[in-house]
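Here it is: the structure, laid out below.
Just so it is clear, A, B, C, D and E label the chains in written order, and each chain counts residues from 1 on its own.
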Amino acid sequence: QDFSLSFIVKDMTNPYYWRMGEGAKRAAEELGIEMNFVSAATNGDIEGQIAVVETELVKSPDAIVLVPMNGTALIPKVMEANSLGIPVITADTRVDDGPGKVETFVGLDEEESFAGMAEWVVAQIGGAGEVAILEGFRGSSTAELRLNGMMRVFNSYPDVEVVASIAADWDQEKGLKAAEDILQAHPEVDAILGTNDLMAMGAVQAVQGAGMSDQIIVVGDDAIPSALASMRAGGGLNATIDGNTDQVGYEAVMAAYRFVTEGVELDEWIVVPSSILEPADVTDEYLAARGIELD
Amino acid sequence: MNQPVPLVEMRNISKHFGGLQALTDACLDLYPGEVVGVLGHNGAGKSTLMKILAGAQTASSGEILINGDVADIQDPNDARAYGIETIYQELALCGNLDAPSNLFMGRELHKWGFLRKREMRREAAEALSKLNIRIKSLETDVEMMSGGQRQSISISRAVHFDAKIIIMDEPTAALGMEESKKVVDLIQDLKEHGIGILWISHDIHDVYNFTDRIVIFHGGKNVMTARTKDFTQDEIVSMIISGTPVKKEAAV
Amino acid sequence: MTMFEKIRTYPLTWIVVVALVLAFALTMASPYFLTSGNINNLLKQVSIVAILAAGQSMVIITGGIDLSVGSVLALSAVTIGWLIQADVHPLIATFCGLAMGTLCGFINGFIITRGRIAPFIVTLGMLGIARGMALVITGGVSYQILEPLFLTIGNSKFLGLPIPIYFVIVTYFVIHIVMHYRVFGQHIYAIGGEERVARLQGIKVDREKLKVYTISGFLAALAAVVMVGRLAATPPSVAQGIELQAIAAVIIGGISFTGGRGLVLTALVGALIMAMITNGLNILGISSFWQQVLIGVVIIAAVWLDNLKSAARQ
Amino acid sequence: MTMFEKIRTYPLTWIVVVALVLAFALTMASPYFLTSGNINNLLKQVSIVAILAAGQSMVIITGGIDLSVGSVLALSAVTIGWLIQADVHPLIATFCGLAMGTLCGFINGFIITRGRIAPFIVTLGMLGIARGMALVITGGVSYQILEPLFLTIGNSKFLGLPIPIYFVIVTYFVIHIVMHYRVFGQHIYAIGGEERVARLQGIKVDREKLKVYTISGFLAALAAVVMVGRLAATPPSVAQGIELQAIAAVIIGGISFTGGRGLVLTALVGALIMAMITNGLNILGISSFWQQVLIGVVIIAAVWLDNLKSAARQ
Amino acid sequence: MNQPVPLVEMRNISKHFGGLQALTDACLDLYPGEVVGVLGHNGAGKSTLMKILAGAQTASSGEILINGDVADIQDPNDARAYGIETIYQELALCGNLDAPSNLFMGRELHKWGFLRKREMRREAAEALSKLNIRIKSLETDVEMMSGGQRQSISISRAVHFDAKIIIMDEPTAALGMEESKKVVDLIQDLKEHGIGILWISHDIHDVYNFTDRIVIFHGGKNVMTARTKDFTQDEIVSMIISGTPVKKEAAV
């Protein structure tokens, strides 16, 4: 079939998008369509992603699925696609409201799912205690949304204190260092929330290194394979948000295809449910269902 | 001492580099229209003293008087303001630039900030031809040039602008005979125009024949200041080597 | 020198040949490369790095380095964004953004010359300071800029070419004049050649260096204006790591860290080569993993090709 | 020279004083800073950058630069991870990881010396190539490494000090000996001082440079071993941008880009200063916006303080 | 011509730098135990010819024979292998290193790769004292030293190792009288040991008194090769300046 789709994510150094690609490719195979799954080189290189979008537009695909690196900065590219008559669907991260026309958004609500994670943590620590946050790359919309979601919840509990909130730029080693420092300055901390799994895995190492695995809860986000492996091994990660990333990729491709070929009106938001995954949830069935192999 | 107020008077200049004492109470004076030879063994402190006058280094102690007034020379621009030009022993050229650029460095000819390249080229060609130096292309970067060619550029630069005092630190060391001769002629010419010249040289013939007075240093200290012709060439050589003054009534 | 000799030894000639070889290879590899749409893209994509590279090459010719350009760009951009969302007139906001970048550059130059601190350190410090300030001002928020002024800059064409490229042309024209026809430029080459000598010959080295860093800051702000136009937004995280691209453009062009040599125009070709590589690999649909590998290989190959000129000159 | 003179003019003295001033300030600011727990922390945290800085300082003393260390570290780490998950014996895996880093360094040196290409370009190319290869090998996946060997490296202590610091000590001990007591070191200083002269005097400049880049690659791999121990995992995205930290450590220590001068040990102090700044600000709980600003300010201030030594020497 | 096979024979050496022709069919020979003066105006091509022999530059055309065999000298190491040592006009010192390090550069004394610093220091002190140079501290970096001090280090280096052929490109240009005298003595001493010396100098007295033969260049071409004493000093000067040989039966 001569249907071509460009699926543009942020970067591929993070297993998260790798997983999204697997879902997207599954859909593309089912539909028998041609798909370009591409990204900028690093998460943060907005200009790089814009260049990728521009290049894809030159190839006049039938539709574009975009995971915008920044909610506002990609609007002009959405508008450019609009003016070329190429429909745009966003996934995982939204573009902000504005002049860009997006057919639908596929994914979870970053702010809400992190609010949910914050609630979960508050419940775990009995409604009172000290928590610390490992922030993503500040100024990126994902980082800001996640932070907002958590802070909103924590601020609503008078007995919960956010004792530290440190940017670790989505990076595992920086997450490790920041967590080590947090443990020094706040030995009483009850929970460390990583805003992605890489940073959370760094925190797990720090907590283990300090021999405090029993006292401190560590949570992350993305449900990347190494996080799942750690949870299964009882390795110290207490929970992660499973945004059903592969599902997001799958649904986005499907939606794009139906929109173009069948002309169906899409819902404004195709919700892919997110859930908080605990070690007990990482069963063989779960892994099999998600097509993940751990060894 | 043909005139009452010296152009330059350096008094009790001392200079140490960390633990190394390069100059100890060095004194020197220079009158208009006079050529003073600055002599001494290698490492005697001649260049250091000259650099202090040129503003390239600052003295640890001592003072400098220009035209009888205490002068505050902190950097090369201060020295220039007093009309002091210098031919440095190390030449002080930018190897990455051509001869005209080096000649006019810091004093480029310009109109509203725009370089007058053609004029500078022409003037440079003229200035260099006075020294009889053969430079095949004025566009060549100076670092590609022969030792003598480079030295000539450095000399041309020092004499091209209206200086009152010119420091020449071994100006003919790399020059051929003919080219050296031209420089010696030039010195006579400058002298006639009332310019004072400090001339460092190891060539005792030239010094003997073309300087009015000599100052001899040894290990950073003055050995002797005298009218050149008050001594024989041999006596001067002996003072340079031994570092002790030859006793004579006529000595200043 | 014959005309042919002159062309052959002009620093721009070979690097332009290298760029053409690359363009030819990409045209062969993909039918999309040499389309007018893609050429337009390329011109837009190269513009920001090209503007930064112009300032960077002046800095590098003095023997210095400016690592802060990406952060200064971001700070200038958020200054514009912040003022516009506070209902300041876009022209005034733009002016303030330019002033902010210029100020950062001035501070760089001031500390480098007065404190006698290595440019690497000072501009690395400014990299943190300006980025931090951008975040502080905005609280991490990215403002949407839908002002016609910026939309025009980002999306319109003039005489068939995208507007950003005119910023590039004007920048390089002015810098080229400054470097080769003005006393200031002459001083920059002297300082880069041998700073000690420049000082001895009465060049006000500190003042000239201060100017160079200030210009680099101003150009980072000018690049910010283009960036705001292209993004229609001012994310404080923008232009991270772009300094490395700007420096690479300069070095690929053939200007060396040693200082004192080189033609600023080559940096433009260097930026173009970098942009072509990324654009070409994107167009070919190479996976981003292999892209990184190939970008590395092609950069080295391009410079190697450029080096062959010395062999050819013998 | 008196003993006092000697100490006063030893390159290490002032930068150590600067480090002590910083430590004192942080101790005053936070009760947590000078606890044994935090000192242990600091020693672990500094280790990776410190090891890289040792190699980097050798490179910089030759007048070069190595931008690839972060990527080479990542490639070495994933080599280890990939082999271990394929059930290769951890020691063999480690050996292969070290070989991989060494090979990358060798390739850098080979292209720099044979191709006569600027180190900036070659190592920038390698930065892309090694990172890309790390991603290609793993497909972006991070392996968990629960081998006792690495867990010990990451979490155990020996004589009360964390294991990584012994890697640092051995590295600096060896490099110090090499640089100041071996013919090879003497050649490195000569090459950095004036490469042309070194060549005229019969030093095999290319061979010596090749060795230097190879060592830098090896040390990146050694840092990878520590990294794997610390993370108990091998994420291919690890250590991005760490080259800037390593270079900054070297320059803060007082080694200059001009080459030919400096004491490698100062890079260790430079790395320590950088680590203290981040650690201190984290402990003080400074917001991430202001952290970037403060890191910038403190880096500049530290170097400014260090520069005062020249004033003091007069 | 006191022996049949020359130590060095340079035949028809040409060298151009881009468009600039620095040497055209330049020829030169040198026999063991002989001192040959290489003369010519500034920019005549003397240094270029010497650099080609030293392996610092390669000729555009022409050939070099050492002991009668064609020698392939591509880099300084090749030249060294033939026993050629060079005092470069630009000295070729690393300013960031001290005197012993410069003296032993590339030939450091070592045991299993470990530097024998003390030995090198001692030998360097000895070597320098032979030239009568005053250097206050051997630990000082060479770039801090005076012009003459630096030149002495460069000279010491060339004569310290067992050379068969020594190129001296204006070795005494920056030296004081006493120091120059020492170098001239040294040249005589080396000559007696059968070493061949190529000596570039602009000092016609020294050249006349202490060379066996002279080669004169002008604009990159040979003007004359002759036994020194076949001409008067004035004739030599005239040839250097005019570039045309003085006709004489005795000329070689």
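Basically, a residue touches a chain if its C-beta (ideal position, glycine included) is under 8 Å from a C-beta of that chain, and two chains touch if they have at least 3 such contacts.
What you see is a predicted model; the values in this text were computed from it and never measured.
**Q** Can we say the copies subunit C and subunit D touch using the same residue numbers, with more than half in common, or are the two sides different?
**A** On the two sides of the subunit D and subunit C interface, the residue numbers are mostly the same, over half being shared.
**Q** Taking each chain's centre as the mean of its CA atoms, which one is most distant from subunit E?
**A** Of all chains, A has its centre farthest from that of subunit E.
**Q** Using Cα averages as centroids, what's the distance between subunit A and subunit B in whole Å?
**A** The answer is 73 Å.
**Q** As a quick test, compute the distance in whole Å between the mean CA positions of subunit A and subunit C.
**A** 33
**Q** Once you find the CA centre of subunit B and the CA centre of subunit D, what distance in Å lies between them?
**A** 49
**Q** Can you give the whole-Å distance between the Cα centres of subunit C and subunit D?
**A** About 29 Å, centre to centre.
**Q** Got the subunit B residues that touch at least 2 other chains?
**A** 19
**Q** Where does subunit D touch two or more other chains at once, residue-wise?
**A** Only 131, 135, 140, 288-289, 291 qualify.
**Q** Please set out, as single numbers or ranges, the residues of subunit A touching at least two other chains.
**A** In subunit A, residues 12, 42, 138 touch at least two other chains, as defined above.
**Q** State the interface residues of subunit C toward subunit B in the complex, per the touch definition above.
**A** Touch list, subunit C to subunit B: 181-184, 186-187, 189-190, 192-194, 196-204, 260-261.
**Q** Which residues, counting only subunit D, touch subunit A once they are in their complex?
**A** Against subunit A, subunit D makes touches at 30, 32, 35, 37-38, 41, 44-45, 48, 85, 131, 135, 139-144, 146, 154-155, 227, 230-233, 235-240, 278-279, 282-285, 287-289, 291.
**Q** Under the definition above, what is the set of subunit A residues touching subunit D in their complex?
**A** 12-15, 17-18, 42, 135, 138, 163-167, 171-173, 176-178, 180-182, 184-185, 198, 201-202, 205, 208-209, 224-226, 229-230, 233, 235, 295
**Q** Please give the residue numbers of subunit C that touch subunit D in the complex, ascending.
**A** Listed in rising order, the residues are 67, 111, 115-118, 120-122, 124-129, 131-133, 135-136, 139-140, 241, 244, 247-248, 251-252, 256-257, 288-297, 299-300, 303-304, 307, 310.
**Q** Which part of subunit B faces subunit C closely enough to touch in the complex?
**A** 54, 56, 75-77, 80, 86, 88, 92-97, 101, 105-108, 110, 113-115
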